[in-house]
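Common to both upcoming complexes is subunit A, partnered first by subunit B, then by subunit C.
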Partner chain A sequence: MTEHMLTIDGQRIPFTEGQTIIEAATAAGVYIPHLCHNPEFKPHGSCKLCTVKVNGRNCSACTFPAADGQEVLNNTQELNETRRTITQMLFIEGNHFCPSCEKSGNCQLQAVGYYLNMLDAHFPFFYPSREVDASHQEVMLDRDRCILCELCVRASRDVDGKNVFALSGRGINSHLIVNSTTGKLKDTDISVDDKAVHVCPVGAILIKRKGFEVPIGERIYDGQDIGQVSLEHEMPIVEEAEHGR
Partner chain B sequence: MPSTPSDMKTIADIVARHDADPTRLVQILRDVQSTFRHIPAAVMDRLAAQLSIDRAQVQAVTEFYTFFSTEPRGRFDILISDSITDHMLGSREIAAYLCECLGVTPGQTRADGQVSVDFTSCTGMCEQGPAGLVNGYALTKLTRDRVERIVELVNDDTPVSQWPREFFAVKDNIHRADLVLGTKLQPGSALRWMFQRGLDSTLDEIAKSGLRGRGGAGFGTAMKWKFCREATGSAERFVVCNADEGEPGTFKDRVLLQSYAHQVFEGMTVCGAVIGARRGYLYLRGEYLYLHEPLNAVLAERRRAGLLGSNIIGRPDFEFDIEIRIGAGAYICGEESALIESMEGKRGVPRNRPPYPVTNGYLDQPTVVNNVETFAAAALIALKGGAWFSAAGTEKSKGTKILSIAGDCARPGIYEYPFGTTMAQILADCGGTGAMGLQIGGPSGIFIGAQEFERVLGFEDLPTGGSFMIFDQRRDVLEIVRNFTHFFAHESCGFCTPCRVGTSLLKNQLDKICAGHGGKADLAELKHISKLVRATSHCGLGQTAANPILSTLERFPEQYEQRLKAISFEPGFDLDGALEVARRMSGRDDAHAHLAQEA
Partner chain C sequence: MAGKIKVATTSLAGCFGCHMSFLDIDERILALAEIAEFDRSPLTDIKHCSDQVDIGLVEGGLCNAENVHTLREFRESCKILVAVGACAINGGLPAMRNHIPLQECLEESYLDAVGVENPQIPNDVELPLLLNKVHPIHEVVKVDYFLPGCPPSADVFWKFLTDLASGAEPSLPYELVHYD
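So, the complex of A and B:
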């Protein structure tokens, strides 16, 4: 079998047929910032943080298929500035108050902000009015922090087989809804063991009474940057998927 | 709130009428909305159960399309078209007068539930505006007299079906016909020729014609059909006609569907034969509801004439039929993969590509999606051959293009030109010689100034899906750009971050500058956001949403600069306005309770 190759920032990266650019990158130990992507789920391509330049054209690394001879630019100043601006957009469209958030230190949005050297929100905050749903005994839904990545939607649909979550509305009024007549989480068939409860990259879906089990200072991104953590966690997943191909 | 047994029966009937088919959810919700004037929560539960889909899906679709509402709209639901061309014809004043006479606030239903008035994106009546919709049906040429008459009809509870017919008159206004509009097609003649010539040769003729998609993107039509035809492993193939003509300023498909429907359907049938499809769909924008019945009548006529259904023109091996699906107010559904999602009963969110619809389209099957005009041209090419078509136009843009001309000119309407025609020629023909600028291709296209009127129509220079708006010296460039920018923010589907957040940021930033609160840094910021939205958005909507800003910043920088305040720093918000709540609470309104914000 001849080996397929592309380059990322000049580095030669092997890939196998059917892999996306981000999968090839992850397998080779190259981090491409991302939020809506999680190698356990179907690629989505909505957050646009993983925007890379492929032969001069912007593409989402998480959905774009790897191909022989592609010249991919990833860790460039221009792209990282773009990613920082997109991260700022995610911050200002929601209500993210890191100092008082249970997820602080374990939050990927916050971690990506640090990684990209985001020092302020830059844009005026939108301060949207979003509903908090604390109706469920064990699971809490705080839409203020939702970044509309649809990981919970995908996990509930594809892994749990439940379709508890969906995105509704349009444009800047897009919002997460749950599948029940009352619109409340308590009236869905969600369970605390569902995959959907554990995939939220931010603090929108939380398990109650667990928020501070790990003290601040000892959390995931307190000691390591998200690039390292992401690769350590995702590399085995990509490799396993490769064996299953 | 519908909950009576008879209401439930009504809902069951609606579902039954649509064969309890969940892909028809948008159609079903249209019927529910028109029956109950909204989609009540109880109905969502009911629909979910009867269609065996998630309630969340019903709610998500309801909340995506602007023609659906969760709160009751008036028994007479009036929407005024908010296209810039309607503005220029006085739509805002007409709307204000209408609201005043009816005693309603835009966006709110009158307390007695009788009437509601709101604004909507361009309804495609740009050359006969100010335009609007009442209970979905197109109103044209709204004048103060008509408004007064409408107010009486509403207050007297006269059903829309009994309103004067001239209120709903939609004219073709064809001023220049060429190959597509000027060639008579005898229904069935293209199909007969196709079989005489052979399907492969017909596809060759389409290739020879050089026909490219008329929706704006310009993908080679023969290539698209060929890819679809060659797609393997599929259960079925589909033909979809994109009649979601939502680009503000475009109305040529409306005319084709109104007066050339046979030609369009014949083109779809030719495509069906070539790619091996048995089913075709016409996705009609909700704003063109008035065309639904006439189009169905044409389809029925074609079935009777043996031009649709089984055994077409006596060929037992050829079966093809066409169904009409109607949209519900979403510009994004003009994007082909969003259109397919909508046809499947979902929110109109563009898919990731690849795979493309030619291999994975409707119901994940190979699908050709073409514009109305593309099919109309294809029918004629099947009849008259590729050379007939490619004789007109330029090297890279063969044939002709139908333009919808509106705005500041003496004779707005439909003009068909060979590609390669100059803007100056077009302006001379339609009486738009006093133009200061042109918006070519709608808000997603570009704005050009008078020094560029020697540029030509064509994919290599000025491509357009058909929108051609003319602005004379009286017009304020920034007001035009503001209208377009608000439009994109309203129509963004919300899927990707740069478009969802970026279009709102652009709207706010431009409003700030137009309101005279912008500084130099705000202009730089406007450009910065524009470039990012263009470079990183998921689909064509976001990638083009900043075009109005970028193309006018380049050509008319002084228009922006003269709005700026001559200070280096400007607060991001209105300081004095922010004190309003405190003033109300303390009951003060003296000079000391105000903050000056002047430089």
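So, the complex of A and C:
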């Protein structure tokens, strides 16, 4: 059997039939920045942070299938600058006040900002008004910090089988809705053990009374950058899926 | 040395935490004093910038008309203007009032809050008028550099100023970049 191969930044990367570029990269220990992608779920392809150049064209690495002989550019100054701009836009579209956010230090959006050396948000801020849902006893939804990645939607639908969340509206009016007659979390059957409660990459879905439990200095991204953390966590998941193919 | 680098600092809608963090450079301030002198700053109590300031460090965002005025003076006087800390960069915690109408904020603080005596909304002509929303400084003037953090650590100030003093393009390594 001949091995399938592509290159990323000149490095030869093997892949198996059916893998996306990001899966092949992760399995080979190459980090491609991403936010809406999580190897446990079907790709969504919305944040565009994983943009790479495939044979000269911009593609989302989380949705684009790996193919023999592809020449992929990933860790280039140009792509990282584009990714930084995307990250800045994510910041100005929501309300991200990291010093008062329980997710700070454990947040993937923030960690991507650090990874890309984002020092400011460049654009004027939108300061949108977004609704906080604190109705549930144990789970809290702060839409100010939602980046519309649909990971909670996918987790609730595909893993928990509950369909608690969905996205509604278009463009700047897109927002996360809760499927209950009142639109409130308290009237759903969500519970703290649900996958949906644990996949949010930012501080939009939180378990109550857990905030600031881990001291500064010991949080996930205090010592390691998101490239290292992400590979450590995602490599085994991708490898397992590969064996399952 | 021909002349020392002139550094001005100010706190707009900030808490002075960034200034306190700056002073955490501790004894390194002696080395700094060899090459730099403070111009307008709460540390010197000089009230206005001199004509040619080299570096202006601005803590805090814009919450009232006086903040905007001070910021414009800084921009006019300083060759290099630096947004220091979360509030200058994104409005910070004061900007959390942005989705509450100003009137409601004032009523909550001065009329309805627990323990308020003689409730009235302050309305003296001496008081700077509040802006409808709190804004980061880059929305009003051109900003040359940004030092994130709430506050940026003393090492951030030190790295930035020593880079500039040595003629290098200032940069912050991964471990000095924080938004909290």
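In this section, the second predicted complex is superposed on the first by the 245 of 245 C-alpha atoms of A that agree within 3 Å, B and C clash if a C-alpha of one lies under 4 Å from a C-alpha of the other, contacts with A are read in each partner's own complex, and residues count from 1 in each chain.
One rule holds for everything that comes next: contacts are C-beta pairs under 8 Å (C-beta built on N, C-alpha and C of every residue); 3 or more make two chains touch, one makes a residue touch a chain.
As the structure is a computational prediction, the values presented were derived from the model and not from experiment.
In the superposed model, A:105 lies in contact with subunit C only, and not with subunit B.
Once the two complexes are laid over each other on the shared chain, residue contacts for A:124 go to subunit B and to subunit C alike. In the superposition on chain A, A:82 contacts subunit B only, with no contact to subunit C. By the document's definition of touching, of the two partners only subunit B reaches A:63; subunit C does not.
In the overlay built on the shared chain, the residue A:148 is in contact with subunit B alone; subunit C does not reach it. When both complexes are overlaid on chain A, the residue A:174 reaches subunit B alone and has no touch with subunit C.
Of the two partners subunit B and subunit C, more subunit A residues are in touch with B. Comparing which residues of subunit A touch subunit B with which touch subunit C, the overlap comprises 124.
On subunit B, the positions that touch subunit A within their shared complex are 41, 45, 54-57, 59-60, 63-66, 330, 347, 352, 354, 489-498, 500-505, 508, 528, 532, 535-538, 572-573. Those residues of subunit C lying in contact with subunit A across their complex are 83, 86, 89-93, 95-96, 98-99, 133, 135-136, 138-139, 143, 145-148, 150, 171-172, 174, 177-180.
Of all the residues in subunit A, the ones that touch subunit B in their complex are 43-49, 51, 58, 60, 63, 65, 82, 85-86, 89-90, 92-93, 123-124, 126, 148, 163, 165-174, 177-181, 183.
Those residues of subunit A that touch subunit C in the complex are listed here as 91, 95-101, 104-105, 110, 113-115, 117-122, 124-125, 127-130, 216, 225.
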